[in-house]
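Note that the chains take the letters A, B, C, D and E in the order they are written out, and that residue 1 is the start of every chain.
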Amino acid sequence: SLSDALNIGSRDPVYEVVEVSSKGTVSTRKVHRRHLLKSSGLRPRDIRSVDPSLWLTNTMPSLLVRENAILLNLGSLRAIAMQDSVFIFNYNRRGGKAFIDDLLPRLNPKSMIGGGVVMPFELEVVEAALHSRIQHFEHRLMDLDPHVQDLLKVLPNRLTAAILEQLRICKQTLVELGSKAGALKQMLLDILEDSQEIRRLCIVGRNCILGRNSDVECTVPLEKQIAEEEEEEIEMLLENYLHRCESCHNQAERLLDSAREMEDSIAVNLSSRRLQVSRFELLLQVGTFCLAVGALVSGIFGMNLRSYLEEHVFAFWLTTGGIIFGAIVAFFLTYSYLRAKKIL
Amino acid sequence: SLSDALNIGSRDPVYEVVEVSSKGTVSTRKVHRRHLLKSSGLRPRDIRSVDPSLWLTNTMPSLLVRENAILLNLGSLRAIAMQDSVFIFNYNRRGGKAFIDDLLPRLNPKSMIGGGVVMPFELEVVEAALHSRIQHFEHRLMDLDPHVQDLLKVLPNRLTAAILEQLRICKQTLVELGSKAGALKQMLLDILEDSQEIRRLCIVGRNCILGRNSDVECTVPLEKQIAEEEEEEIEMLLENYLHRCESCHNQAERLLDSAREMEDSIAVNLSSRRLQVSRFELLLQVGTFCLAVGALVSGIFGMNLRSYLEEHVFAFWLTTGGIIFGAIVAFFLTYSYLRAKKIL
Amino acid sequence: SLSDALNIGSRDPVYEVVEVSSKGTVSTRKVHRRHLLKSSGLRPRDIRSVDPSLWLTNTMPSLLVRENAILLNLGSLRAIAMQDSVFIFNYNRRGGKAFIDDLLPRLNPKSMIGGGVVMPFELEVVEAALHSRIQHFEHRLMDLDPHVQDLLKVLPNRLTAAILEQLRICKQTLVELGSKAGALKQMLLDILEDSQEIRRLCIVGRNCILGRNSDVECTVPLEKQIAEEEEEEIEMLLENYLHRCESCHNQAERLLDSAREMEDSIAVNLSSRRLQVSRFELLLQVGTFCLAVGALVSGIFGMNLRSYLEEHVFAFWLTTGGIIFGAIVAFFLTYSYLRAKKIL
Amino acid sequence: SLSDALNIGSRDPVYEVVEVSSKGTVSTRKVHRRHLLKSSGLRPRDIRSVDPSLWLTNTMPSLLVRENAILLNLGSLRAIAMQDSVFIFNYNRRGGKAFIDDLLPRLNPKSMIGGGVVMPFELEVVEAALHSRIQHFEHRLMDLDPHVQDLLKVLPNRLTAAILEQLRICKQTLVELGSKAGALKQMLLDILEDSQEIRRLCIVGRNCILGRNSDVECTVPLEKQIAEEEEEEIEMLLENYLHRCESCHNQAERLLDSAREMEDSIAVNLSSRRLQVSRFELLLQVGTFCLAVGALVSGIFGMNLRSYLEEHVFAFWLTTGGIIFGAIVAFFLTYSYLRAKKIL
Amino acid sequence: SLSDALNIGSRDPVYEVVEVSSKGTVSTRKVHRRHLLKSSGLRPRDIRSVDPSLWLTNTMPSLLVRENAILLNLGSLRAIAMQDSVFIFNYNRRGGKAFIDDLLPRLNPKSMIGGGVVMPFELEVVEAALHSRIQHFEHRLMDLDPHVQDLLKVLPNRLTAAILEQLRICKQTLVELGSKAGALKQMLLDILEDSQEIRRLCIVGRNCILGRNSDVECTVPLEKQIAEEEEEEIEMLLENYLHRCESCHNQAERLLDSAREMEDSIAVNLSSRRLQVSRFELLLQVGTFCLAVGALVSGIFGMNLRSYLEEHVFAFWLTTGGIIFGAIVAFFLTYSYLRAKKIL
């Protein structure tokens, strides 16, 4: 606690946030860090996880439940949900916008179909956040899947640079997507395994305390009952999102595995084709070498120097025949040598 | 709950399903989502896991047990089992057909051999679904196994493009098969580890409730006893399918590992053969270079320019000898240099 | 139960088995599946795990303890151990033969040294099966280990195709061996972790029942005591085989890792040698190119066309000098360019 | 205990340490090992983990809580925290300096904002150590992240040696960073899972004992209460640092994965481009071979030997036409052969 | 038990051992297996784990605690510790020698500094064994670490075969070291997790029994107290060695990871350099091809055949110009084609 004060307290940063009230009104505000801490009862180090200025080092998704507030950090969405309003930090980034689009209809009483039990505002916020995040994963995956499948079908026959580049980009996107979905899945698993955390989620903003032996103690007995009923509801809700998140994660991993295997196979394929090209090149070089020997002989006889063979009849035909015959014999000798050595 | 309504409730999709009643009659029906929810007592978000329109994002197999229905999502089979009938969603896909073929004989009382205890309809459905799914894996594996074994035997000696392509396709199939069998195995493990889930499976459609401390409480005492006896039966049944699924998974992984190792070895093999080809090419190029020096000399003497050597006796033989001797000496000098440097 | 009947019951396969009685007599028999089920009290689906006709899909080792029989599936050994005899299914395969060779001496009372407590027949069968299986692993490993060590020593200096092929074959064998030892290890671990399973193993063929809270209840109090004493004995026996199996598994993995690292290093080694060859080739091609320029010049002057330079004194020497000087200068310019660009 | 004495006791090394007292005074001292053991009540083998002379073999971070001292080994920071002072061993290395810079302001009562509860000195030391270490990770990651992102964007188009070298260096740094962050994360997890360890951390330097059943027993009842309150505080503090450490670890792994995938893709990319180059080379060599045949023919007719064709009219044109036509035909025959064989 | 007798009992091997008594006397002895079993109260199958003749199949380190003896198998050290003496099996191998060197000073009462509690002889043996083994790991790591660091610094710039070979050897050593340290770590973890095993270690050679509910029961009450005090001491001792062993393991893995990443990077580096070489080769071949066309033309005009152009003024200059111009134009056309196709 002291340390936080020392590190950050000297400066009092101002966050530009969008505030969505529980009645659905949206407004842009500037909040002083100091003020935020006071009003929400949070500790300085809690803020770290949603502070947009630290976005490089708090990339792990987190859902922190504190006494009067829930801190949400889901990728590009950073928000603090309180009893009556939610503060969204980097609301201009995709995550923030998708979240607001998802949250607003939930707050509109008209859109309720049937008189379902209304969830407390904080939980609506949490669900909207999870929903918008996972839907984002699903949409990206739905875009990627057919693209990757196409690539896998096309690739073995069309190994152009452009298609390899597309495969590379798909792989990078899948690595990123799989890693994000995996982190979110881990976060949901951690919450579900920690029954205290879920209970804390139930009593956020209520006059209840979580006792030593993780029993809920409320001032109003009715509230305790509601909290207990809500617990199961929240668990099923989180399990549902966990399952969707796992689906995304697995699908991304599966596509990535396929793409990796494909790349490995392509590498071997290219290697085998290069070997074929090299072997034909070698064949040609054997031929060229033999021709070069012949050319040297003919060049020697073409020198303006007297060999005193010039006048002999048939010298031309003998030499020519010798050159051609020698080149062909040399070629086939080398060729059969290379075959025997299994180089060709 | 509210959120589901908001997202999906505005439209009321109609599902085309095949209904198989517990008496074995098969009929095609159109079911309104709204109607389905009402009749089965399911929540909107439960339907997600079997909704065929979302097949890209709910690829993870799941078996959800609700109060009056069991939701099955096993790859291409999506079904809802209720007390008297089962709805199969994408019945035209392979999974749906195999399931119906597997289920129908079970419902035919004539085919019963010996008066074994008849399982409740829902459990017959679950078993038929698991059985048809795992048999599908086993059949694919039985097709693949000899093919891969053949490839592994043939490959080191016949590295043609066609055979490499076959290896690639086998690997892709194995990746997919292994991933699907692994997901199914995980699902079965999760159910087996969660004794509550198995108990819920026992009391589906019975007048029993699963109490707080996961004890079964029934209105009819006899039913409780049957449920308890069934519990063990279900566990053994699931364990049996788990074992078969694990067998498939392991076998697929083993074949995939073998294929991967083979590909790695082929890559090194090709690399070493390319080196051999390159080294012989180098040898030929050294030869060609030496011949080219000789050819240049002979070419120079072949120019129509006066060197005043033309008339010297033996100039021809001296030059010719010098060219040939020089080329051979240069070749062997370079050759021994390359040997010393271990390049050749 | 019903399902099994439906799937398999219509046909009644006949298994050819070797029966070894507890007195050591060996006989070949044909057993009807139906008869086998009746006499052993097994369920149809239990038989699956030892059915030799399904050997492709039940490759996972398993040791199933049922009321009156123990079903063994250890690779190529499939057997059912009952109170007085053991049925071995595919007795012609290596696993079955080794098992019989291991089992028979145990049944011969003469070979007992000191009056050690004689284990029940079923447990002797289980131990003989585990022993013959693990000894098989150990023998294969003892054959492979020196071979792999030799290869690893020889390889960096002798990268011939034959040696690479040997490395490949070793790797494939190690993958297979490691995977099989790993599966057996997992099976033993699973049994050791499940105290119920061990207790069931103790009371096989005795008039004892495993109660709800996994207490042993026997009709004869003495039997209970013996069973309890046996429990610890069995645990230590299984732990011993587990340790040997783990040793095999680890050793196989270690050798495989070494072989993989070796292959990776060879790939880089070959790559670096190919680069060296390529660089020398490039050097020669630069030389050949320069000679070709010279040859072209000399060829031009060798044309039977008049350049009117023919008669000029020193034209020959000037041109010759120019050709040689130009070729050398061009060579060194290119050479230093390539050095500067770090291509050579 | 005896062994330690035997191994190290004969020599009495002197450590040069920086001592920071709880009042904030910094002084350099030389401490005899023997004296240190006496004053701190530590055992010889405890010292091992912070002994700077063993820095190669105690690279694993550790936080050992002993009765009167806490031993800290966090990478390049080795320190012993006691009730009134902390000894920093290799204070000249980066870790030691960053730690002192982080610790000193915490000890300055003026810098306290608001009258927060002051933590005991040892805990301030632990927090300062963790904080300085994790901040070091975060800073390195913040430096690396944009650099790697830039590389990943630039790479596919600019495959120069310099950029590949940069990628290599980034990868090495990420491997190191990921491994260090992972080890620290594991250490924090181990502490958090071990409730005894945390309790021991609470009562360091107090007159309390940790009883058999891990209950805290204090001589002064008030101290027990404080210790219990502190426990939760420490847990939250450690969880906070764990979360930051996990963030670093995951981010480093993610970047490393991206870089690895990139390198794999580059390898395939390079392979495919080499194939293209080779194929064009092959094309040229086919051409050169055909020209060489022609050149040989023309060379043969250029020999100073009589072919008695010299005088024939059109012999020149016939031969020339034959050479050119033959070369072109040979080229296209070979070319179509290679296309049919899919080599070109 | 029976099985052991059957397999090994028929032969009675004689082991050559070094016996170190608790008073520090060292003597070489030959022990009959049968005698050893009798005197130590061990079972035949226990001996397996230390039998030097089986060193290929019992490579996993193990520490077996039996009633009157502790069996130690730590790599090349195989020993049986009894109440008054320890038998060392393959005492000529490095492990055995280091162990004796480590053990002897501990038995010398003079070397005790301060009157520390003397540990029982068996525990001194266990500690000496662990200490000598882990120190061996640490020394090898201290030798390897700077060597690998040097290689990693030198490598990117000096890719010679000798340095690659050194990297390969380092990797092989690290694989082996990491695997051995990992196995030892696992063994220590297993012991630490099994509180029964530690208790058994405490009461070795005492008149105590480990009861059913793993309580220690001694005939002399004092011994029970001592055993309980020792328990904590042993746990801390094992934890200390575990920590050192983990340090070694992690450091070896980290170095291996760095070396692997380095090798991957080198492969890409080599690949990119080969591409550069290939591209320059291609450039030269384009040039050579153009020159060859020119040379063919000049060769054609050099034939001793009449073209009737011989006498034309300017024919020479026209042809020469045509050849040179044509070659240059062809070169640049091909060059720009290759650039456009991104091959060059």
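Assume a residue touches a chain if its C-beta (ideal position, glycine included) is under 8 Å from a C-beta of that chain, and two chains touch if they have at least 3 such contacts.
What you see is a predicted model, and the numbers here were worked out from it, not measured in a lab.
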Steps needed, at minimum, to go from chain C to chain E via contacts: 1
Between chain C and its twin chain D, rotation from the CA superposition, multiple of 5 degrees: 145
Equivalent interface positions on chain A and chain D, same or different at half: different
Computed distance of Cα centres, chain E from chain D, in Å: 21
Distance between the centres, which are taken as Cα means, of chain D and chain B, whole angstrom: 34
Contacts with 2+ other chains: residues of chain D: 161, 267, 271, 273-274, 278, 281, 285, 288, 292, 295, 299, 302-304, 307
Chain contact graph, described as a line, ring, star, complete graph or other shape: ring
Starting from chain C, with chain E taken as the next chain, the full ring order: C, E, D, A, B
Chain C-facing residues of chain E, complex: 1-3, 5-7, 9, 45, 48-49, 56-60, 62, 159, 161, 164-165, 167-168, 171-172, 175-176, 179, 183, 260, 263, 266-267, 270-271, 273-274, 276-278, 280-281, 284-285, 287-288, 291-292, 294-295, 298-299, 301-304, 307, 309-313, 315-317, 319-320, 323, 327
Complex contact set, residues of chain D against chain A: 105-106, 111-114, 116-119, 124, 127-128, 131, 138, 141-142, 145, 152, 156, 233, 240, 243-244, 246-248, 250-251, 253-254, 257-258, 261-262, 264-265, 267-269, 271-275, 278-279, 281-282, 285-286, 288-289, 292-293, 295-296, 299-300, 302-308, 338, 341, 343-344
